[in-house]
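Read from first to last, the chains carry the letters A, B, C and D; within each, the first residue is number 1.
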Amino acid sequence: MALSKQQIAQRIARELNDGWYVNLGIGIPTLVANYIPEGVNVTLQSENGLLGMGPFPTEDKVDADLINAGKQTVTMLPGSVLFNSSDSFAMIRGGHMDLTVLGAMEIDQNGDIANWKIPGKMVKGMGGAMDLVAGTENIIVAMTHANKHGKSKLLKQCSLPLTGRACIKRVVTDLAYLTIENGSFVLRELAPGVSVEEVKSLTNGDLVVADDVCEMTF
Amino acid sequence: MSKRVYTNAQDALAGIEDNMTLMLGGFGLCGIPENCIRELVRLKVKGLTCISNNAGVDDFGIGLMLQQQQVVKMISSYVGENAEFERQMLSGELEVELLPQGTLAEKCRAGGAGIPSFFTATGYGTEVAEGKETREIDGRMYVLEPSLTADFAYVKAWKGDKYGNLIFKGTARNFNPVMAMAGKITIAEVEELVEPGELDPNFIHTPGIFVQRIFEGVDYEKRIEQRTITQ
Amino acid sequence: MSKRVYTNAQDALAGIEDNMTLMLGGFGLCGIPENCIRELVRLKVKGLTCISNNAGVDDFGIGLMLQQQQVVKMISSYVGENAEFERQMLSGELEVELLPQGTLAEKCRAGGAGIPSFFTATGYGTEVAEGKETREIDGRMYVLEPSLTADFAYVKAWKGDKYGNLIFKGTARNFNPVMAMAGKITIAEVEELVEPGELDPNFIHTPGIFVQRIFEGVDYEKRIEQRTITQ
Amino acid sequence: MALSKQQIAQRIARELNDGWYVNLGIGIPTLVANYIPEGVNVTLQSENGLLGMGPFPTEDKVDADLINAGKQTVTMLPGSVLFNSSDSFAMIRGGHMDLTVLGAMEIDQNGDIANWKIPGKMVKGMGGAMDLVAGTENIIVAMTHANKHGKSKLLKQCSLPLTGRACIKRVVTDLAYLTIENGSFVLRELAPGVSVEEVKSLTNGDLVVADDVCEMTF
């Protein structure tokens, strides 16, 4: 059965290492914060100027001057730091983030990603996404394997305007965990009950099945 | 310079003209120069190019200026929380240049720091790089980004002293310090204006040298876009 | 990363090897990483390239490393308060690359901020521009300056917490924050190491993300080069 | 009679305007601070990271962590600000300083300046001088008209390695106040008792005498 959004987040959370600085995008990536393993201490960055983001505030602690990159009210934790936008992206562009998790509309077997613009539709902008994919070595894409019309979002070549080139090496979908290596998707783990054939049929790009492909457990 | 302290937005905004380029601090509705925007709306200056990470919402922030069609071009990283913005953009009344958020921030800082352009990997291979010089450096491809400056930069700080030294609060800092650097004339509105010496010199976010005019703002609404609560 | 706190310089400096490139914070003898330098001298690592605004004096700061001929190249803006430095430079034992102070600072910041190179007007038409790309932008000539990074950056802060967040004191801040950004591994020595939460998050000069190792230094001499007094 | 160092500084101080941010170099320029006119409030920058430099400290206020660009112990004033080196030179390079006063070994009628290096002699480095001359629109050079061998320091073309090109427009020497305009030195004011001929004979570059040339008063 396909993973729920929560399970996608849960699977991604297992990739976190103690001490990491992590930027979580809007949507499924945000949920990763709920599944950080015991004993792993990660610092969440919000690119509008906060390192060490805490949970949403209680009613009495709401502060209009303390929001995250999704414009939601947030809190700080002991050891948090505030900074301006150019310092924030100095961290990101300079490769100081250990991990970025973000959503995508499409990715392809070359590691390209498209997640900000659909021609003909209202464009909201790329925000910090282009900086994050260009600046972070370690990126995990979190998305559904196919779009709502059943079409694969894992392609030979992205059809939508790109967010970044040759930057994606890992993706967790509702069906599988895959890496991108040497111009192919490599199937590493399957969602419980999902078959290799299902993943193959919904992957519109070259797919290699790893020798040690296994089923995720939750 | 010694005439740096103004009594209100009306006095402080003197000199603004149609067709100028403006920077406006803030991220979403957080840390926006509410008093300056209110005055820009009252003045009805037109033909403006606005550099701001976002474009406000329909009835607040830069959205108020869009309602009056005062803006002909927006340079932003994320827009469209705003129906009137969308209408003007789709109809072609409003030109929109979208830039990666970090590139936008760095272009402002560079403009203030006398750096006319810099290379960044951000946006290489995307629409953002179209028409821009690209170059391989140490095996990686980069885009040359020119800096940005503005006729006026409007920033909002928490506290400021009469020399223009500023401190910000929380994530309301965001683009304000870099835009303060990049304004030919930078106007700071602050929640609390204090005497020189009241702010700790070791903990000032924006040195007064970047601020040409300062005033204490009034009636801050500080609207919250996404009020999110832990029960 | 979680193993960020070290007990002393000896532990913190693990991994240093001959022929590495190092950054050392400080301006003159103000804000220099005294404990790290003492340990580098003790370790007798050789063949080092040192990026530091100055090169210490004969018997203090980087001067101590020069006495042992540990340094093969200095990248600085102002040197030569130091007879042994002069001897080695004139004899050709020591290579010296002199850069304008602001260019040096910006090259470090750029290295930490993922900007491989930037244009500056500083140094155009001088020796500093020799061998570098120059270009006219909006009627003015500029020099393209590549950024700098280092295998290790050693910085000295006033206070730091166990997450590596730093605050500096007075003008001892100087190059320390930008070098902290540019080190592949940045080691901060602090006068006082505190628990996370003890430093005000709104007034931290260097966010801990730039600091891989931190320790509380001992026996700070803080030598004064020019003790100047008003009677 | 030739001006003393103090008088050179005094003459330069008359150029200060209220509210200006000023960087004073080492030597004669430092003395300018002693002659700031009544009612004129200027903020002194020290490029190692201080805006609002105060006088030297009394013995009990000496702080090793508070020095100026000449490495001298200094103090702060109410409204002072501390910052790092890249922010300091952002101010300078970005054209935010209202005035730089600095010494020179040579200047020429094209506005070039040389003040950091004598080939064959020990080179100490340019420090912040190249940034200051490139970044400040308004620069006043303070120096003796001739060197200790009696040779003019105002030249057709600088012979020493340059600090900056076409950046100097004003100079106050022990003999005169001159501007540089259209490729010539223009004699504006004479030191008391100094003749036009004296200045001419010690100026090794094209010299125009302003119609309204006058004598300085002290």
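In this section, contacts are C-beta pairs under 8 Å (C-beta built on N, C-alpha and C of every residue); 3 or more make two chains touch, one makes a residue touch a chain.
None of these values were measured; they are calculated from a predicted model.
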{"item": "Gap in Å, rounded to a whole number, between the CA centres of subunit C and subunit A", "value": "36"}
{"item": "Between subunit C and subunit B, distance of the C-alpha-averaged centres to the nearest whole Å", "value": "33"}
{"item": "Where subunit A and subunit D are represented by their mean Cα positions, the distance between them in whole Å", "value": "55"}
{"item": "Where subunit A touches two or more other chains at once, by residue number", "value": "82-83, 89-90, 92-93, 135"}
{"item": "Subunit B residues counted as touching two or more neighbouring chains", "value": "106, 109, 113-115, 120-121, 168-170, 202"}
{"item": "Overall pattern in which the protein chains touch one another (line/ring/star/complete/other)", "value": "other"}
{"item": "All touching chain pairs, where touch follows the definition stated at the start", "value": "A-B, A-C, B-C, B-D, C-D"}
{"item": "Touching residues (chain side subunit A, partner subunit C) in the complex", "value": "17-21, 41, 43, 45, 51-52, 76-83, 87, 89-98, 135"}
{"item": "For the subunit D and subunit C complex, residues of the former touching the latter", "value": "46-50, 55-59, 62-74, 82-86, 88-90, 92-93, 112, 117, 122-131, 134-135, 161-166"}
{"item": "Residues of subunit B defined as touching subunit C within the complex", "value": "106, 110, 113-121, 137-138, 140, 142, 146, 167-170, 200, 202-203"}
{"item": "Subunit A partner contacts - residues on subunit B that touch it in the complex", "value": "27-31, 53, 76-80, 86, 89-90, 96, 98, 100-106, 108-109, 120-128, 158, 168-178, 205, 222-231"}
{"item": "Partner subunit D, residues of subunit B touching it in the complex", "value": "1-4, 109, 111-115, 161-163, 165, 181, 195-197, 201-202, 204, 207-210"}
